[in-house]
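Below are two complexes that have chain A in common, paired first with chain B and then with chain C.
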Partner chain A sequence: MDSVEYLDLLLKALLLAGVYAAMAVGMTVIYGVMKIVNLAHAGFLMLGAYFALEMFQRFHVDPILGSIIALPVFFLFGMAVHWLLVRWLPKSDTPTLASLLLMFGFWLVLQNIAYLVWGNEDQSILTPLTLSSVQFGQISIPKVNLVVFAAAVFCMVVLQIVFHRSWFGRSMRALIQNPYAAQIVGVDDQKTARLTFGLGTAFAGFAGGLLGMLFSFSPDFGRPFLLRSFVIIVLGGLESVSGVALGAVLLAILETFGINVPLPVYWHGWSFHYLPPSYQQVIPFALLVVVLLILPKGLSSLFSRKWKAA
Partner chain B sequence: MKRPSGVVGWLKIILPWLLLIVLLLLPKASPGDNVIRLLFITAVWTTTSLAWNLLGGMAGQVSFGFAVFFGLGAYTTALLMHAGHSPYFGFIGGAAIAILASFLIGLPTFRLRGPYFVIATIGVTEAVRVVMNNLDVTGGSSGYRITEDQPFSQNEHYYSAIAAVALAVLVSTIIANSKFGLALRAIKQDEDAAADIGVNAYTSKLWVHAVAAGLTAIAGGIYARRAAFFYPGDVFAFSTGISILLMPVIGGIGTVWGPVLGGVIYGMVEEQISVKFPNLHLLIYGSLLIVIILLEPDGLLGLLRRIFRLRPLQQAKTKLAGDPG
Partner chain C sequence: MNGTLAFIGQNIRRASILALGLGAGLTLCTGSRAVAADDTIKIGVVLPTTGSESKPGQYQKEGIELAIKQINDAGGISVKGKKLKIEEVFYDDGTDSKKSASLTERAMSSDGVVAVLGGYSTALGTAESVMADRYKTPWITTGAGATAIFGKGYQYAFGSLSPVALIGTTSAEFLGSLMDQGKLKKGLKVAMVVENTDHGTDYVQGFTEWSNKHAGYFQIVLNEKFELGATDFSGILQKVKNSHADIFLSDAHLPDYITMHRQYLQNGLHHQMVSYGARGPEANARQALGAGTDYIFAGIWWSNKLPYPQAKKFATDYKAFTGHDVDSWYAAPAYDGMRIVAQAIEAAGSLDKNAIRDALKKAQLKESVLPGQVLKFAANGQAEYPFVITQNKPDNKVDIVYPKDAATGEPVAPAPAK
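For the complex of A and B:
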């Protein structure tokens, strides 16, 4: 492999990381504010993909625009889900058995409703963008990856502004830092939780639409991405939005390079072997275990530990 | 163990034994192959349900990864039988491998609080299935076939499944009534408080995980021997792990008989519905899960108890109200 190919892979990994970040951020804010591991995230991702598909097929809406329309639609949907189901859960500082099982049950319901509505065939969204590509010297990048990346980054920037410049963002951050102190200074935790759940769901629907443009999907679509989201937010430390971006970049790079770079293997002497492509799916989980063992609090603990030592 | 008191107390002791005797004598009445097959599969699922409940119900550690142990049990049994060993040796071998695997999963993840264990169990199932799909020794994704040189005996399969479920009930009862079981319940309620009174949460969780893994693997081995053909997308499937989790939750976690109830209902319903409506049954289970979590966290057993205890509870309340102290 020469350097151009490596650069090509690196670019593709970074473009993928943008979508990964948009996908994981919804789960992170929900975990941060409510301490709920939202297993239904996978269901929302899948619904987002089907939403973009339906908008495209029925109303000829561009899937990028469809994904952006998914933001307010899924925001309302998420608030409804919170109002109907999530708010009845007992509050806790750590994820409870009940919250895990509730969200899991909801995922099962979403998934199997999707099976009833759309069947189990693989679907994909094909637009003129899908097949065209842009040339940068010797490197060619599919246009769809670029557009999806731009949309994802744009929404992440908007989220970051909401998070740091609005009262809603401020109350969210307060609840993440210390729920009791936040309530003492007058943060309405129920209202903030409802809005946060809406926000997390909105981003799941949005990211689902984007992922649907890059990969084919079926009602079981969300599961591998749910696991990737887990890995990303564990890398990012479960509670910080900027950590998510870092985790997404790291995962995307390792996934891309893991099967394209020969690994040294000791078997009757040193030799280099490629990891079989089918093992690519194992990389996120291998990474998860390694991170859990070395940095149980995520990448951010690496920096804070250094900070404290200094 | 507590001494039985009153009619209900004695019934609680006698009924399980009565049930066991009925189940053991049933093949003599020749009820037909279909009934035996249904009871066989129900017994296998009930065993896994009881095993999951040890970790998830008593110690409060939710695992989505029991398919790993089920599949390991199936494959180890098959490989050992292929090497010429007795199937019963295969079941024990499967249990041993699953216990090793449970330590591999538990050692890093039980050190951490919060959702890490749950997350890791999902990751492990997915990773193990991918590896098994690509492993040449076991035929990869096209599956593995067991050939036995003795004639197929419906009753032998049936009795081994009944033995497994009896073992699971026995182990659950012993743990529930032991100091160890008390420690597990303490961990479920408050890990810090449990640590303060001298419970080693880490090793307790590791041990109960190992016991549960072993029981699940035995069930997996028994299932595989009867099925004679299986593949990673079946025994290692994420949905297998889901089923193992759903049964005890539906029946009522934390008790001994709740998971049995859940397993029996699941085994019967699964066989009847899933053939006709392949997706409807998971939709029903999902909705049932939501309803149970929000309205009756103790499951169907809790619901039954509430119905049957309605009057005594009211009597107790009036008694309390009438008490001047």
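For the complex of A and C:
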């Protein structure tokens, strides 16, 4: 491989990181504040994709604009889900079995509603942007991936601003750091949790709309993303938004380079071998095990700056 | 204390009476089901109508149900001088191989079916296949074409799909014929990227065997596998790009075909010829990728372009039955799979599973809608009939381009760059 091919790989990895970050960020904020592993996240991603599709087919709204419209819609939807279901869960500093079962069950309900409404066909959103790419010499960059990357960066920046410049963000950070102390000093934990769940759901809906431009989708959409999202937030540190970006970049680079760059292997002498692409799925899970053993608080704990909660 | 014990004892007695009553009720219900079973023949159908393979599964279900309707409308199956109607017992496995196996087991062991059809795709069919000999019940897969299933000496397993390896062989023959005609140059570099299932392995085996026997036609420069149902193919497509191949051959299921080809196009890739094995002309893919699917060729088990009158009639009946066109191959092997089971039951003259199995081994379905017009099973239980090669053309058109005697249009080779 020459330098252009390495650069091509690096760009592909960064764009893939954008996809991963977009899908994981909503799950992270919910975990950070509420200690809920939101298994229904995949269902929210799926609904976001169908929302963008409906907006596109019925009202001829561009899927990017449709995804932006999904933000307030899914924010309200998330708050409603919290009010109806999540607020009844027992409070805990760690994820509880009850929360896992509730969110898993809710995901199945969302899936089956989607089967009833849209059927089981694979759906796709085809716009002039979908298949077009930008050419830089020998390197071709898909425009949709650039949009998703920009959207992921946008989400991160918005979250950073919310965390540092708003009352809501300060409440979230307080609850992440010490929920009991936060309540003693007057933070309304229920209100903050409701808004956080709404925010996480809004980001999931937004990401779902954008992912619908990259992949075909059915009511089962989101399952593989859920596993990767989980790996990314563990990598990044379960409560760190900046860590999500770091985790997404690391995972994407390892996945992309792992199957394209020969690795040294010792077997009756040194030789170089590619990791077969069918073993690409091994990378995130191997990484998960290693990080949980060596850095249980995630990659961000390596840095002296307090990145927790942004 | 004594009062409490008496209360518990009383409740145990009540529970026992209730359980006995429930048991008697269930026995009566089973008895009435057995009476109903005298008038019908129960056929189990295990297919995915939810999950990632729901679309092909739905098409196969429709094919089977059309055959059942036609058989029942004609009076049913004649067994010992009595016409019996077919009763379908349907199970949705949700594209889950464990569920697929357990539902097949349930159908064979407790739901009183005389045969089970289903098993789309190879992964699900492989899981189901072990049940056939265990419960000595004929099992006919209508959607699993991997030879490995039929290489285990099973006596009750049959398949209405020709071996997947033949797709690879026929694809190689087709490309070789284009080289012989001068449309493509000999010695082109081929990149092969297939799913990591028996389906993918068989495809590569079929192609490489032909290539090895016919030196000078192809130079295979990449042979890789990918995870079934993967979400990102950018890494493996980068390998394809770096291989500088002239021909890109994949073997993928429908969702992977759509996702991979979308990323193929987004990455600006182009090859002289492109194929995704048995996938290519599906309406969903063409709707999802538009003109991006033009000129893809596929080796398929059936095409609505086949010139046989029975194939045309099947397409018309299917549309009248389902309300939509038969736009892919999935329904036809399922339709004929059901028809050959019905023929075998009639030939067996009984609902004995061993007799049906023996009749299936000898069965020959004349006027089959499949290529070659005859469906029969080889000694290993797998059907063997020729494939047709189709090529997508602009404006959602599809032509059979190989073999020549079934061709409805000329192959376009090399595929024009966009």
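By definition in this document, the second predicted complex is superposed on the first by the 295 of 310 C-alpha atoms of A that agree within 3 Å, B and C clash if a C-alpha of one lies under 4 Å from a C-alpha of the other, contacts with A are read in each partner's own complex, and residues count from 1 in each chain.
In this text, contacts are C-beta pairs under 8 Å (C-beta built on N, C-alpha and C of every residue); 3 or more make two chains touch, one makes a residue touch a chain.
Being a predicted model, the structure only gives us computed values, none of them experimental.
Chemist: Could you classify chain B and chain C on chain A, in the superposed arrangement, as clash or fit?
Modeler: clash
Chemist: Check the residue A:Y115 against both partner chains and state whether it touches chain B (first), chain C (second), both, or neither.
Modeler: A:Y115 sits against chain B and chain C alike.
Chemist: Touch check for A:D189: first (chain B), second (chain C), both, or neither?
Modeler: neither
Chemist: Can A:L131 be said to touch chain B (first), chain C (second), both, or neither?
Modeler: second
Chemist: Quick one: classify A:Q281 as touching chain B (first), chain C (second), both or neither.
Modeler: both
Chemist: By the touch definition at the top of the document, which applies to A:V37: first (chain B), second (chain C), both, or neither?
Modeler: After superposition on chain A, A:V37 lies in contact with chain B alone.
Chemist: With the two complexes superposed on chain A, say which partner A:E255 touches: chain B (first), chain C (second), both, or neither.
Modeler: second
Chemist: So, does A:F215 touch the first partner chain B, the second partner chain C, both, or neither?
Modeler: Only chain C; A:F215 stays clear of chain B.
Chemist: On the A-aligned overlay, A:P142 touches which partner chain: chain B = first, chain C = second, or both, or neither?
Modeler: So A:P142 only meets chain C here.
Chemist: Is A:P224 touching anything from chain B or chain C once the two structures are fitted on A? First, second, both or neither.
Modeler: The answer is both, since A:P224 touches chain B and chain C.
Chemist: For the superposed three-chain arrangement, which chain B stretch in 205-213, 223-231, 241-249 or 259-267 runs into chain C?
Modeler: 223-231
Chemist: Using the superposition on A, tell me which residues of chain A are in contact with chain B and, in the other complex, with chain C.
Modeler: Of chain A, residues 115, 224, 276, 278, 281 contact chain B in one complex and chain C in the other.
Chemist: Applying the document's contact rule, which stretches of chain A touch chain B when the two form their complex?
Modeler: 31, 37, 85, 88, 94-95, 97-98, 100-102, 104-109, 111-113, 115-116, 223-224, 226-227, 230-231, 234, 276, 278-279, 281-282, 284-286, 288-289, 292-293, 296
Chemist: Tell me, which parts of chain C touch chain A in their complex?
Modeler: 49-52, 54-55, 58, 95, 193, 196, 224-227, 229-232, 234-236, 238-239, 241-242, 254-255, 258-259, 262-263, 265-268, 284, 287-290, 292
Chemist: Could you pull out which chain A residues touch chain C in their complex?
Modeler: Residues in contact with chain C: 1, 5, 8-9, 12, 15-16, 19, 115, 120-122, 124, 126, 130-133, 135, 140, 142, 144-145, 214-216, 218-220, 224-225, 228, 255-256, 258-260, 276-278, 280-281.
Chemist: Name, in rising order, each residue of chain B that touches chain A in their complex.
Modeler: Residues 56, 60, 62, 108-109, 111-116, 118-120, 122-124, 126-127, 130-131, 133-134, 238, 242, 249, 279-280, 282-283, 285-290, 293-294, 297 of chain B touch chain A in their complex.
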